[in-house]
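Below you will find the structure I want to go over with you.
Per-chain residue numbering starts at 1, and chain names A, B and C are given in the order in which the chains are listed.
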Amino acid sequence: MHGRGLNIILGVYVALIFTFVFAPIFFSLVFSFNSQRFPTIPLGEFSTEWYAKILSDPDIWQAVRNSVIVSTTTAILATTLGFCTAYTDFRYNFRFKGPYLALILLPPTIPLIIMALAMLAWLSRLGLSGQLWSIIMAHSVLTAPFAMAIIRLRLHQMDPDLEAAAWNLGGTEWQAMRHVIVPFCMPAIISSLCLTAAVSFDEFAVAWFVSGLNKTVPIVILEIVQGNIDPQVNAIGTFVFLTSISLVVAAQVIFISRQIKSHS
Amino acid sequence: MSTKHKIDLYALTWRLPIILWQLIFFVGPVVFMIAISFFVVKNYRMTEAFEFVNWQRMLTRGYFWDSYWYTLFIASLSAAIAMMLAFPAAWALAFRASENLRRWAVFLLIIPFFTSYLVRTFSWYVILAESGVLNAMLGYVGLGPFKMLNTHFGTVVGYLTLTLPLAVILQTVTMANIDKTLVEAARNLGCKPLSTIWRVVLPLSKTGFVVTALFCFILAFGDFVAPFYLGGSQEPTLPILILDTTKSGQQWPRAAVVAIMMMLTLFAVAFTAIMLAYRKPKGAR
Amino acid sequence: MTEPLVTFRNVEKRFGDFVAVRNMVLDIHEGEFLAIMGSSGCGKTTTLRMLAGLEAPTAGEIRMAGRLMNDVKPHERDTPLVWQSLALFPFLTARENVEFGLKMRGVGAAERKRRALDWLDRMQIADFAERNVATLSGGQKQRVALARSLVMEPKMLLLDEPLSALDANLVIRMQGVLTKLQKELGITFVYVTHSQSEAFAMADRVVIMSQGDIAQVGSPKDIYRTPANRFVAEFVGRNNILSGKVLGGDAKGMQIATPQGTFTAQTPQTPLAPGQSVSFAVSADLLTLSETAPDTVNKAQATLISEEFIGSLVTLFLEGADGMEFKVQMQERALMDLDLSPGTTLWLGWDAANASILSEG
């Protein structure tokens, strides 16, 4: 093909796609430091007004606190669930393994709005709705498949003899789990904790339905957005973005660097 | 290693808790949602029953079907647009970019999935507004202003925010896995570039592409944020219908009917798509 | 001889319909170096895994020092295994790997460290004790794997093709290390391999397996000189296998009619009736080659087709009457006087004692 010309056209095209994808993130960041109430270009003055506003808002602090509790607890629960499933899939073959795996892997394929309604109805029936725990339970179901996928991937890289080697050297199954499987999976476990925390931190549909009065950060955003144009959202968004990205990057770095280390 | 009928405590420890957890917090909600679609609401209180009144109510209403077909249409349209917009970029990344560049591109495209979709939508709201960033830029070259918010265009932009990165990633991965020698062989046999894409690249990536399109469709079909904030919800989609019926109307059973209809539609679409994706090409045994 | 360390009595292992090991009867003695050899899928690794308790027999009994072991769990046994993949723990250092088994057995940290370092020193890799095993070379990893098993001070060490990942020079070196270790420690080694050279170079006794059955058990020399059956004769290679019908014979030898003529072979333990179809094997290095008819009991004429050199060792390929192929192996020096251009007709000769009759099956 006409190499150079085509490459330039394609390069510009790819750049346009990336612009589309990153424009909202970029403008959110820029406008969070912009003095205008209704931001547009040309930009207004540089201002930290919106940050000052959110930092002095006790509701937002409460939401942050809630979000941290929800996302860390969710991460721990989902990673535990994901680990158990990944290990079972790695180690055992049994009848109904297909349905067993479907049971944990299916939730993300159902639209969040439907899960939100179902969770709301069910949890209020059980008398569990309207608490932070409600969000945690729902989120653990939604994020466990991601944990399962990450840890399963790691187990796939493990020499299948490793566990048997531990038994062979006198370790019980429990000891082999503690001294071989868990240490081997540790990078994936940490990655999984970061990623599930990040997903939970951003999830709003289900959280909004089941949370009652316990707002998390995305619910606060949702409520502000519903009201009016308010650049506070950009400031909160930037904060949320930084949190999520640090978690994702941490997960990547840990997972990839460990892989390089154990493969060199 | 132990005899078959003895209970293996170790194996059960890793298996049983998840089964219970998922039964209580996943199967339970979904089954219960199906159940409540048969409940009745009297004086704002839901009572257990087995009546088809909610089904009758929803499925005979014009506004439900208007919303149903509109959602199906706009979600399909946006999935198609996402697929087409993604293709040249994915093709470039798969066939023209170095391995390293491709990996970075995919990594960058994963980032949006971990940023708040709400914040991104709000950002689009500001960008697309009557006096927003895009119209201001267009104004410099003497165009516009255009009305972009509260239109189908706005809805589709919102959906694309969700689906375009995914479409590019999945298409790129699909095409990067094609055996390059097949493409070269086709070129070598005198196949023109475009017809190589049509006759070699697309057939080889059919499965991946169908699955990608399916994901795009599912994401758009279930999203309430884009049609609500950017589309102005003048024509409510099914998720907005669920939202309104649940939040303001307290009519959970009717919302459940909508939700079940959505799930049935998704199953049907997914089933068709997967059959299509894995159907053997003509002439194959 | 004292009671065997391990006895297999009619042991069978099935995986669904597939029979991996069939009706195995085998004794393993204390202090011997036993090699189990065969091609992939012959059941050799399954046998080893049953010894380690990683597979349970579906029928029969395995006893160790008299104790029935069929359902004893792997961690309750004293049968450390050196894995084909080595299965070193990649997140631990060399020393921690060696300490692993002691840790599982509840040995205190200081004692563990001392014993681990001791063994690393003995394996001449003490310098690498604190290195992550991922950074070690193939030979070093091999030594860590050996130390990890031997630090347990077992009565029996299991080895599953431990040298298969190493390059040729290192294989020879490690063979030396292993035989020396085995002699020094005086413990039993059960060594699974597909490589004849490894088995024959190291083992006191060799078990040859084929499709789940034991084809022959014996010293390397026994197997080499008197293969029990066609499978072993072919597997060991270098054998010329001739087929014919029994004419008759006495304790000194059997006469067998073949398309090449009538030959005399060693009389087998089970007598053969005249008229019966039979095969016998003659090792390639026991054939003589000459321009004129030799004065051995058996002789045949054949045409030279090609030759192959491996160092100073030459293998000649010849064709006899009826398309019968012969292989002759000898030192190059011994061939100086012969005209070795292809197409030359030469005489082959061998003694009756060097022709062993193969049992069918």
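In the analysis below, a residue touches a chain if its C-beta (ideal position, glycine included) is under 8 Å from a C-beta of that chain, and two chains touch if they have at least 3 such contacts.
Worth saying up front: this structure is predicted, and the values here are computed from it rather than measured.
Asks: By C-alpha centroids, what is the most central chain here?
Replies: Chain nearest the centroid of all protein C-alpha atoms: A.
Asks: Which chain's mean C-alpha position is the greatest distance from subunit C's?
Replies: B
Asks: Where the centres are mean C-alpha positions, what is the separation of subunit A from subunit C, in Å?
Replies: Here subunit A and subunit C have centroids separated by 55 Å.
Asks: Report, in whole Å, the distance between the mean C-alpha point of subunit A and the mean C-alpha point of subunit B.
Replies: The mean C-alpha positions of subunit A and subunit B differ by 18 Å.
Asks: Would you mind pulling out the distance in Å between where the CA atoms of subunit B average out and where those of subunit C do?
Replies: One centre to the other, that is 60 Å.
Asks: Hunt down the residues of subunit A that sit against at least two other chains at once, touch-wise.
Replies: Touching at least two other chains: 173.
Asks: What are the residues of subunit C that contact at least two other chains?
Replies: 53-54, 73-74 - these are the residues of subunit C that touch more than one other chain.
Asks: Going by the contact rule at the top, pick out the subunit A residues touching subunit C in the complex.
Replies: Contacts found on subunit A: 159, 161-162, 164-173, 175, 179-180, 183-184, 186, 261-264.
Asks: Give the list of subunit A residues in touch with subunit B in this complex.
Replies: 1, 7, 10-11, 13-14, 17-18, 20-25, 27-28, 31, 38-42, 81, 84-85, 87-88, 91-92, 100, 103-104, 106-107, 109-115, 117-123, 125, 137-138, 140-141, 144, 173-174, 195, 198-199, 202, 204-205, 209, 218, 221-222, 225, 229, 233-234, 236-237, 240-241, 244-245, 247-248, 252
Asks: Help me check something: in the complex, which residues belonging to subunit C touch subunit A?
Replies: Spelled out, the residues of subunit C in touch with subunit A are 52-54, 73-75, 79-81, 83-85, 87, 89-91, 100-101, 103-105, 132, 134-135, 148-149, 152.
Asks: Which part of subunit B faces subunit A closely enough to touch in the complex?
Replies: Listed in rising order, the residues of subunit B that touch subunit A are 10-11, 13-15, 17-19, 21-23, 25-30, 32-33, 36, 85-86, 88-89, 91-93, 96, 105, 107-112, 114-127, 129, 131-133, 136-137, 160-161, 164-165, 168, 193, 218, 221-224, 229, 239, 242-243, 246, 252, 255-256, 259, 262-263, 266, 270.
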